[in-house]
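Chain IDs A, B, C and D follow the sequence of writing; residue 1 opens each chain.
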């Protein structure tokens, strides 16, 4: 319950006339000089971003921000209607849906890619992973999409962008190898989906699998604020609520 | 409880091989072509951002992201320690602190600035506002800071950046007029603080007061993810918890 | 930002072989000896409950627990589907909807009843309150119901139970006086609704208006856990999500 | 993404002049006639509670409600201070801490007990479980306590209460067998802790492991409301925040 030495922080400190983030003077070195995305890289890594990092992270945050009516955006709109005096509650409620079902596949894919990248024989490792999942009839994280068929349109452009910006390419290579083995092992074409591609390109810029979900959370937060703003202008929450009560009928409890 | 016509959305739609946000093709027109900040403007306004909007919003998001150990970041770290399997919970919990006490002053300041901007005589309106608050001994939203004295170092640079980037300047003028009247009415110097400056520059780029809090939420989400990442590397939650239990002693209930 | 003396707590303390809540030994004096409802009264007030308090609070918690498909229960089911590994997130998300729109009326009603109870002439005070609201065309907190007409079936039984259990009756009297004046001022019958009745009976047992919302939160938490359990057995979240995306059509953004 | 038949609900329905929960008329059959705890059993199971269920659930909810300053109660107080206008946010934030670290052990213990109960030779099964955990040097869910030594004072009374109220005793027997094997396998005495005892007695009344966490959430919600009420009377949040910023020093980032 306690350790020998108290921890330290490297994130921020302030004096009476300055604020420092990751040792940099917020006013003199950051405001007006770095973009929000660059600031996010600095906050996470403690280092100024490379152009590759910024370009890839911008692309990822742009990609994940908005998906129309999803559980998260529906939840945000319903909670905003119930408690308009606390907008942050509506965002927070929607973000609670950025969990295992949807975003867990990104982390799952990232972990598999890490394993493959660290293997002496990447091809062999990819084959083993694909076969294990196929034989166990488990879904392959980062592959397949219920709606976008045959291919998720967002995957290839993300990979191409990272390559074009000079990524070393090991995680992308691992994903590409895996994709070929997945099609073979499952006996049909499974698209690399957006979470698989994001896992690969974030791996390219050094984002650890264990914090990737956090970036999805930031991106989705911005999307949800857009839904709140539309809800402020054209309330729709009641149109979400009424059909549910009508469409799911009541039945008597068994005795 | 219901209106005549169902609402519509203008945010997003998708087809089998494309995703559209605000009518633009995510893959062909947005990924790799706009920054996250530009995407946020698009999401909120339905229009491509102007350079002024992007520059000002970047500055605001950079400014608000990180403040060291605040209630939000402490909460995020404590919840992450309790439920590391659901990182989004930790971010959501911290965001629930972006409420009236801290961020409400931004909205309060924005509302006052809107009133002044819309007055036929801005000087007169600013004086009235300052005097009313001073006489009622109410805190002036957007003014004063418990730690940064005599001036909040973040305020002036934000205003200067917006001016330098070509903002029309009405909200900034309103804030400047108000600042002079506030010093007079309260009989001492009260700094324009960061929330006052943010309210003014967001007003310059057309962000309505009612959605400003949402942008603070997005910015803080990124800051909180940084705290989670540091917590993953150097756990500190137990050092936050133990002192509380020790420092707040128990006393018997009155009978 | 800091006060002269550190605060103290009167809620709980523990030793190596005992836990005390409000000075009582959890193991020897509480477990198996008090009901959950009695424990809630103890936790809130620091005193053992009277039979009246327990009976009224049980009735209130039973009344508020469950309302079928409401924003809160829909939100809880959607978030549970997205993140089944963190059930507490689903409950928390649903509770974020226990805000101003639905439960704020309870607090509003309680505040009005407090004012009337403290007036030298309750009848006169009730008339003034009703007339002010009617003339301002404001909704009367605690009155009216969109569905239960002419009367909310839950209101009268709560008031009768409190009377039958020996409540002093001042808050109930205030509500009854107010109801008559409301019908007169609005020129039509407005039912005392469940939030008005709850405000009155909680006032009878000494629950301050400022904490009433917390009791609704506890009661709703139990209801939401029931929805999660049904969702575990018969998943319905997808049936809530699909219709929304279908029923709210996309329209192009204005240029 | 969709199933063949829409789901149904058995929880609640209403007519113009009545509300039904689990087929029972809320006004005529529940308000004033059942306790909150009895209502929780009804909500979860769809059946009227047995006296054993009510007695055991009351004991569990009383036991888990309050633990003084824990991450959850600290979080609730900090969020309440930041956003007093939305009390439900403070409760929700605290509940987000009822996750894997603290309450996951209850579910882990319940799953082990289920396995043992279903084994043809319970003694043998208990031994296998204990040995596997000890050899893997994994913590044994439901056993051990960092502070309450040698024994958690809450465990034995819960088990005794369930037995005294007529529980069949299979889960309690499984826990007792396991406890003896745990001491042997680990080579030292590990107390049955409160989560282990709760898992056993909830198993006795037919609560599935997968929903147990929900009951802890309800109980803790009530505890957190008590902390908010104390915070309303004697604000302490600032005393929680200041020490953190002071005690966790800043250090420069490595270059």
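Keep this in mind: a contact is a pair of C-beta atoms (placed from the backbone, for glycine too) under 8 Å apart; a residue touches a chain by one contact, two chains touch by 3 or more.
Predicted model, so just to flag it, every value in this text is computed and none were measured.
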{"item": "Path length in the contact graph (chain B to chain D, fewest steps)", "value": "1"}
{"item": "Copies chain A and chain D touch via same or different residues, half shared test", "value": "same"}
{"item": "A-B compared against A-C, more contacting pairs", "value": "A-B"}
{"item": "Centroid spacing, where centroids are CA-atom means, of chain A and chain D in whole angstrom", "value": "31"}
{"item": "Approximate Å spacing (C-alpha centroids) for the pair chain A, chain B", "value": "23"}
{"item": "Whole-Å gap between the CA centroids of chain A and chain C", "value": "37"}
{"item": "Set of chain C residues in contact with two or more other chains", "value": "1, 6-10, 12-13, 68-69, 83, 85-86, 88-89, 92-93, 96-100, 147, 236, 239, 247-248, 250"}
{"item": "Contact graph of the chains (line, ring, star, complete, other)", "value": "complete"}
{"item": "Parts of chain B lying in touch with chain C, wherever the complex brings them together", "value": "1, 6-10, 12-13, 22-23, 46-47, 83, 85-86, 88-89, 92, 146-147, 247-254"}
{"item": "Residues of chain B touching chain D in the complex", "value": "68-72, 74-75, 78-79, 81-86, 89-90, 92-93, 96-102, 236-237, 239-241, 243-245, 247-248, 250"}
{"item": "Residue ranges of chain C touching chain D (in the complex, touch as defined)", "value": "1-3, 6-14, 16-19, 21, 26-27, 30-32, 34-37, 39-40, 43-44, 55, 57-59, 61-63, 65-69, 86-89, 91-93, 95-100, 103, 147-149, 151, 153-154, 157-158, 161, 210-211, 213-215, 217-219, 221-223, 225-230, 232, 234-236, 238-239, 242"}
